[in-house]
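Both of the next two complexes hold chain A, though its partner changes from chain B to chain C.
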Partner chain A sequence: MATTTATFSLRSSDLIPSQVLSLTTSKRLYKAGSSSEGVDHLKMGRHKLSSGVAASDLFNADAALNQDKSNYVYISNASTTKSNYVEVTVIGEHIGRLYAGDFMWLPWNADLVTSDISVLAVNGESTIDYALFHEGETLVLVSA
Partner chain B sequence: MATKATLTLTSPDLVSDNINFSVEATLTQAGNSTDIAASTGLARTNFVAGGSAPFASKVIFRSEDATADGANKIYMKNTSSTATEFFTIFIDQEEMGRLYAGDWAFFPWIASQGTKETFIVTSAGTVAAGDSWDFDGITTTSADANSNNFAAAIHAENYPNWTTTISTAAVTFTAREAGAAGVVTGTTAITGDTITDLASSDLTMNITSAVAGTRSEADIHVVPSVATTMVLEHMLFKQ
Partner chain C sequence: MATTTATISINSADIMSGQVINLTKSSNLNQAETTTGLVNTTGLAIRTLKATSAEVLVDYSVVLNDDDEMGAKMYIKNNGTSSSQFVTITINSVEICRLYGGDFAFFPYPNDDDRDITATPSTTEEVTIEYMAIF
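After this line comes the complex of A and B, so read on.
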């Protein structure tokens, strides 16, 4: 079983002047409900998103993906133009905007076949890096 | 020093080569390089033991807590050490994902907001000392026969679910939270208020303007998976 670890830290000395923020948390990526079996599948890549193009599915929660399992989504906006952002949507619900240099890490349980994660570039082209750590999926058969 | 968030992903065996990469983001406002300067602070919410499935959700962040369309970020962590225990994260009614024991999340939040119910109430007819108006569990009794003073007394109360402003004898009520609270039933009608008119029987509390609210569609809720005590750690960085 694969050993994959995601570590996150938050640091600030002045966001709350009376309380220095120095937080680190680390988690090995296990299969849902397990403390021994590591997540063992990975999709990752980079996309260039053109502005003015309709939102596209980055991760499709179709029946081939194991639902209600441990899927971890990483997306970062590699753009350096501050005003450019990527709008991230889950199940048709806008959750937020990834501005230039922002990243996100989200456990995603792909609850429904419609629980797709989609992205839309706004104000200009953005390049995103992405990864999906997951428990596996059934490949879709080639249509005859 | 700005606020910096760092993610490091490592794996020696997920693929045939080592994975080891790190990304750091400086939390700034939308579209510029100005540091994020506001947050809720790091906090924990306890979910106490008891009940049966489906377990009650809790709202962790309301959209009104942040600037809509801002560069808001949410951090969450399930502090449980029992592998099978998880929190399900919802944005509005949509299920985003599950935080299993020790899992954390960090994601941008659009905080799109609904609208608050509002109405204007103005007394008409004869106000007498001892007349009263009850709304939102608060009863205001007029001290004299002056309608402006009565309006001022209504405005001076602290309502659990509403805030007020005043203009002469007209008091404007605005719900504290966005949503279709059901109090406003028409453009000139509300429900849930009671008049006590001691003497002349012609006191009315007219609703001269009313607008129903709409719910926020980006509130963040979480639901625990079990009936044991679970603790969620969370922090909102907001513009």
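After this line comes the complex of A and C, so read on.
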């Protein structure tokens, strides 16, 4: 069991007139259905996505990824070119575009074998940083 | 133009042996393909749900323009404490995440093509969520 904590804040002094926005929330990442046992597996890395290439699965929701378990996804577009963005989809549904510098955080339950999270670079090459905090997976057996 | 900054920090001293995880990322929320800040928001809303039916949190046709190049962002949190009850979040009826008590999500919002965001509790137990779209 590991102790992993995600903290998020949203701040602005001028988005809402006469009202400072200062929102902070924090959550310890537990296994599904538990309030004491933390997720204890991690995948973390960086990918370069070429433009003009079809969408690729970043996280594959097959049986190895423990469907309906806790999976916390972090993706960031590390690019600096403003016109380049990364399109993120779940089950083929367009979640949105990560422009240069944008990030997202998603508790992903991978409820179906088709619940893959896919990424696609648009307008040019992009580099993404990613992390998946999860409950573990079974490695695929080597083919005979 | 407004300046709104989102920051996430993910920390763990023991999820990897011999390697402390201390991931931090900040981002100014800008209009698509620019360095101009987003200026519109739904405001921070709090809503109590008591049924297992889908409730629309953001109706794209009312709140947002049909323009997927706005760089819109969405924040949603389950303010409950339950580790068994969850709230399913969908876009265009496709489940994208489940929020157990205390869980939050922050993601870009593709406000086009009828992509409403809905929340559906897994049980009839009362649960409060908070959310905010910035666009």
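Simple rule for what comes next: the second predicted complex is superposed on the first by the 144 of 144 C-alpha atoms of A that agree within 3 Å, B and C clash if a C-alpha of one lies under 4 Å from a C-alpha of the other, contacts with A are read in each partner's own complex, and residues count from 1 in each chain.
Please note the rule applied: a contact is a pair of C-beta atoms (placed from the backbone, for glycine too) under 8 Å apart; a residue touches a chain by one contact, two chains touch by 3 or more.
Nothing here was measured: the structure is a model prediction, and the numbers come from that model.
Legend: residue contacts after superposition of the two complexes on their common chain; A:G52 is shown touching neither chain B nor chain C. When the two complexes are overlaid on their common chain A, residue A:T4 makes contact with chain B and with chain C alike.
Touch criterion met: A:E93 reaches chain B and chain C at once.
When both complexes are overlaid on chain A, the residue A:G136 reaches neither chain B nor chain C.
When the shared chain is aligned, chain B and chain C each come close enough to touch A:W105.
In the overlay built on the shared chain, the residue A:S76 is in contact with chain B and with chain C.
Touched by chain B in one complex and by chain C in the other are residues 2-16, 21, 23, 25, 27, 30, 32-35, 38, 40, 42, 74, 76, 82-83, 85, 88, 90-99, 101-109, 111, 115, 129, 131, 133 of chain A.
Taken in their complex, chain B has these residues touching chain A: 1-15, 19, 23, 25-26, 28, 30-33, 36-37, 39, 41-42, 69, 71-73, 75, 77, 83-84, 86, 88-89, 91-92, 94-110, 112, 217-218, 235, 237. The residues of chain A lying in touch with chain C in their complex are 2-16, 21, 23, 25, 27-28, 30, 32-35, 38-42, 44, 74, 76, 82-83, 85, 88, 90-99, 101-109, 111, 115, 129, 131, 133.
Across the interface of their complex, chain A is touched by residues 2-16, 21, 23, 25, 27-28, 30, 32-35, 37-39, 41, 43-44, 68-69, 71-72, 75, 77, 81, 83-84, 91-92, 94-110, 115, 132, 134 of chain C.
Here chain A touches chain B in the complex through residues 2-16, 19, 21, 23, 25, 27, 30, 32-35, 38, 40, 42, 68, 70-71, 73-74, 76, 82-83, 85, 87-88, 90-99, 101-109, 111-112, 115, 123, 129, 131, 133, going by the rule given at the top.
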